[in-house]
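Heads up, there are several structures right after this.
Shared between the two complexes below is chain A, which pairs with chain B and chain C, respectively.
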Partner chain A sequence: MRHKVGRLLTPYLFLAPNMLIFGIFVVLPMVYGLVYSFYRGNFIGGLQQFVGIENYRQLLEDRAFLNSLAQTVVYVLLVVSLVVVISLMLAIALRTTTLGSALARVGFYLPVILSPVVVGVAWRWMFSSDLGVINALLSSLGQSPIPWLTDINWARAVVVLASVWSMVGFYMVIFIGGLNTIPTELYQAAEVDGASPRQQFWQITLPLLAPTTLLVTILATINAFKAFEIILVLTNGGPGDATRLLVQNIYLTAFEGANPTYASAQSVVLFAILMVLTLMQLRVSRDT
Partner chain B sequence: MNKNRKRRTRFARDALVVGLALLFLMPVIWVVLSSFKPDAELYLVPPTLLPREPTLANYQNALTVGHFATYTWNSFFVATMSTLIALLTNSMAAFALAKYRFVGRQALFLLTLATIMIPLQVIMVPIFLVLRNLGLTDSLWGIIIPPAATPTGVFLLRQYILSIPDEILESARIDGASEWGIYWRIILPLSVPALATLAIFSFTWRWNDFIWPFIVISSEQKATLQLALARLVGQFGVDWGTLLAATVITLLPMLIVFLLLQRYFLSDLTAGSVKG
Partner chain C sequence: MRKAWLAALFVALAGAAFAQRTLQVVWFTESPTEQAIFDRYVKMYEAANPGTKVEVTYVPFQQLTQKLQLMVAGNTPPDVARVVTANIAEFDPVALDLAAYVDPSSFLNQFLPSQIPYIYRKPRIIGAPLDVTANGIFYNKDCFDEAGIRVPTNSLQVWTWEQWREAMDRVRNNSRCRFALSYDFTTHRFSTLLYAAGGRFIDPSGKRFAIDSPEGLRALSFFADLFKDGFIPKGQWLSNDDPSTLFRSGQSAMYMSGNWNVAQFSQVRNFNWGVMPLPRDKIRSTVPGGKFVMGFKGSKNPNEAAKFILWLTSKEINLPFSKDNMVLSARKDAKGMKYGQFDDAIAVFLSDLSVTPSYVGQDWSNPVMARLNTFIRSEIVKVLLGQQSPKQALETIQAEGDKQLRLLR
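Up next, the complex of A and B:
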């Protein structure tokens, strides 16, 4: 009898450590965050007053929040479209099995394994207005230097490029996987029929790759919405707040503005966006 | 003749793509090259590509004056401990999910997978409060334990353990092995390939983690490399020589792991699990 109870408990005991960590450090904070978003309070006194949806209502009039949301959307659109196009081009160019392609694949993938902080430092070192090598090259060519990280539009461009640079290798690998599932007979048949490489791309590769492209688009969108560290190191959200995105705004609201409840409402908005995208991703990955 | 020409165009193509990859990697290459230049050469116009008088002074500064020896140890300690905890807890959970039938199995498995949907960016405010209540703020354990229960790890190991035949477990039970004995002496040794994969990924994730230490660690001597780098770059009048050497110290272990094991990273089987 005792033995049987023991057997019944065994799987739960094996699961316990992992579930305990999940419960305390993922599920509990998630519930906390949701509850917090309906309260007013601070780090010292805790929750002080239930305010219903007041925090959410306030978000609709909060210029700093709406600004960061709008900037995030533009950033996501730019990063994702560049990532999809460039990683697809890389995948098509580098899927061959030659030594050169293999080496180039490793090269284009390498930034993926670098930490976002390292990526930020590397790009800041190249694009620094007074000390960076890009401006040094420009001035030795007789051109005037460009304020890469202190001009609003240039800073936004550098932030987008650095992010794309750090991501394309990852999606290139997924695209290569997708390309490898397209039967080669299709291309042979197309060649026999006299289809040009361009026709083959538009009429075979792209349509058959559509599920992979959709998957890459969603994954890249999720990652772009979470952007924080590279930008923190590159521009710290500046100049002004020109490159301040959602996650940084949440951080600043909570820890510098000492307003964890209001920041929680912003987190819930971010979570809702990511949730919709993830559910889309699960559907797409199941269908492919 | 024709074959020769084909070979030549293929060689030209290979040279071109490798050249483009090197150009693409310029931001990293430039950091590495610059880190060996003395201060005077660092800001030279026009810039030199290779260091004219290569020096290790920046590295000496980073490790001694800049305390990067301490930060390196902290990062190493955090990544190693968190990986060991992940290997143990994830494999235990994966074993239960793969080899036992029990009430709530499907629900617990889905719950585990669902936590992938909750990135740290979403819960960074409440997690700070939870860690504070547990007395884990400004402690290395505060960045070691919470990320150890990786859902990706549980999933990866579960898939692997599913392929281990039940007959092996049954005959061990008949021979009188305890359930823990089965896990420890049969499941773990047979899962070494999957455990190795998880170990590699877990170590790189934890080494590269930034948001965890950014929220949790406040004192200087407990900073990890990522945190120390980000703090240093934000200072007014950055000492770039030290900063660049510190950057190379930070990226070097990842570079070595990646170059040795690039097939793990570049296979599309694991590509989906690289972020976590």
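Up next, the complex of A and C:
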């Protein structure tokens, strides 16, 4: 009997350290966040009053929140489409195993292992309107400088490009993995039938890569929704609030606005969005 | 066995006798120079108090409030922290009451009256003033000489705003400085113009906001035009570029900031700099502020914290400490203190402070200003981006200010 209980308990004992860490650092803060979102309070005075769903009701009328949510959606759509297209193109171009393509792969993957803060600083150094390298170059060529980070549209474009640059390497590797699973016989047969490279891409590569593409789309979407550090360093959400996304709005509400409970309600909304996307991803992974 | 017990007992007792208290201090820094000076004073304190070890956590100014908020929320407040006029009110509810350690009237009487509203919440004393600050304009002497412009050096011949603008135009076009003016990205620094125009944030009753006025409009329109006409580089208010860097690198002819930069600029070697009296519009005025040290309720060593605060703000320590940092001590007995080669620069700040109306300090010691700081700044940014007119911005700030004042009551 004791032997049987021991055998039943063993796997849980092995899991225990991980569960403990996960519980303390992930589950507990999540539960706290959810509870806080139903209260009014601040850092200094703690939780002061239970307000039910008042914080959530307020979100529907909060222009700063709705604005940052809308900007996040546009940002995610742009970043994800560019990431999928560019990383797929890179994967097709660099799937061969020559030295040149291996070096190129490393080059494109490098931004992935850089800290987002470093990426932000580097891009800021290049694109700063008054102190940036690119504008200095333009001036030396007799061209007028471009307001990269002080004009709303230019700043949004730079933020999207910096994010895409920092992400494509990772998804390129996933696409290369996907491409390698496509049997070469299919291409050989297509060639025999006289199919052009373009036809091979649309008729073979793309359909057979569909599961990988879906996986990349969902992963990139989740990551894009969580974008924070690069933008914080690059534009700090500016000019004005033109590049302020959801995560930064949550951060500002909590710390500059000293309103952690209202910020918690915003976090719960973001959590719900990410939860749906994660469930979709799990479903896709299972199906493939 | 008995010997072993005795030895263990001896070790335990010796350990207790030599046990050190660790005083946790959170200190924001503006520059490495300032950090090195504070380290030196910490060592002096430790030498004078052998039972105490002072552990200092240095944080950049931008992260100070967040750091303290999180420490307080996590029930692990530091023993001592250095705070400023803009955030001392926020930590009032959790402040260590120094009144329990001193005779309140003689303690308060040591400091300049302008700093008392920030620390005295009758009957509690929530902190002690370290130094007084004043906003002001640093200028690149070489660029002004090159452009052939004579900068007023004393309070008798202060520029008007129109003369100031004209000087910006001339210095930008006739010297190596690419930009006329760098301007700190804060509501506090913008308010220098508001007060010079004769305006104010809160009316004398303290119950209504007063920024939506002809004076407010004059200040905000003048400020927005400085950006529109390219005198202030847009990146400083629109994309977080550091204004200080542009001035220190010799690319900006002037820098609107404050006296706390003197120590940092004493290291500048690539050009000569000075401080000019703030240009006048309707009146002459600067914006006074200050730095304070405070303790926290529930910290590990409240008694030692109070002792450290009183030590740091005592005459014997605070005067040399202020001199080393080239800041204006908040103590009354610091009057007439000399700073060597920077006496002229400090004299300009003192002259601006001496003509500043008392309501300027009252505005900024109102807790509502700490809450509205970021809001006001973002409304100004919308004007700079052309998303709203100065008048619309003032109406929005006025409405929010009135709302916050009502909530406070």
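As a convention for this text, the second predicted complex is superposed on the first by the 271 of 288 C-alpha atoms of A that agree within 3 Å, B and C clash if a C-alpha of one lies under 4 Å from a C-alpha of the other, contacts with A are read in each partner's own complex, and residues count from 1 in each chain.
Everything that follows uses one rule, which is that contacts are C-beta pairs under 8 Å (C-beta built on N, C-alpha and C of every residue); 3 or more make two chains touch, one makes a residue touch a chain.
The structure presented is a predicted model; accordingly, all values stated were derived computationally and were not measured.
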Next on the checklist: Under the stated touch criterion, which partner chain does A:202 make contact with: chain B (first), chain C (second), both, or neither?
Outcome noted: neither
Next on the checklist: Touch test for A:236: chain B only (first), chain C only (second), both, or neither?
Outcome noted: both
Checklist entry - Touching A:258, do we find chain B (first), chain C (second), both, or neither? => result second
Checklist entry - Of the partners chain B and chain C, which touch A:129 in the superposed model: first, second, both, neither? => result second
Checklist outcome for this item: Between chain B and chain C, the one with more contact residues on chain A is chain B
Next on the checklist: If we overlay the two complexes on their shared chain A, which of chain B and chain C does A:112 touch? Say first, second, both or neither.
Outcome noted: first
Checklist entry - Touching A:50, do we find chain B (first), chain C (second), both, or neither? => result neither
Checklist entry - Once the shared chain is lined up, is A:165 touching chain B (first), chain C (second), both, or neither of them? => result first
Checklist entry - Where does A:150 make contact in the superposed view: on chain B (first), on chain C (second), on both, or on neither? => result second
Item to check | Footprint overlap on chain A, comparing chain B with chain C | outcome: 43, 131, 236, 255, 260
Item to check | Residue ranges of chain A in contact with chain C within the complex | outcome: 43-46, 128-131, 147, 149-150, 152, 155, 235-236, 238-241, 252, 255-258, 260
Checklist entry - Can you list the chain B residues touching chain A in their complex? => result 10, 13-18, 20-22, 24-28, 30-31, 34, 42-47, 88-90, 92-93, 95-97, 100, 102, 105, 108, 111-112, 115-119, 121-130, 134, 145-149, 154, 179, 183, 204, 207-211, 215, 226, 229-230, 233-234, 240, 243-244, 247, 250-251, 254-255, 257-259, 262, 265-268, 271-272, 274-275
Checklist outcome for this item: Touching chain B in the complex, chain A uses residues 7-8, 10-12, 14-15, 17-19, 21-22, 24-30, 32-33, 36, 43, 93-94, 98-101, 103-126, 131, 133, 136-137, 139-140, 165, 170, 173-174, 176-177, 180, 223, 226, 228-229, 232-233, 236, 247, 250-251, 254-255, 260, 263-264, 267, 270-271, 274-275, 278
Checklist entry - Considering the complex alone, what residue numbers of chain C touch chain A? => result 65-66, 69-70, 72-73, 90-91, 93-94, 179, 233-236, 238-241, 245-246, 371, 374, 378, 381-382, 385, 387
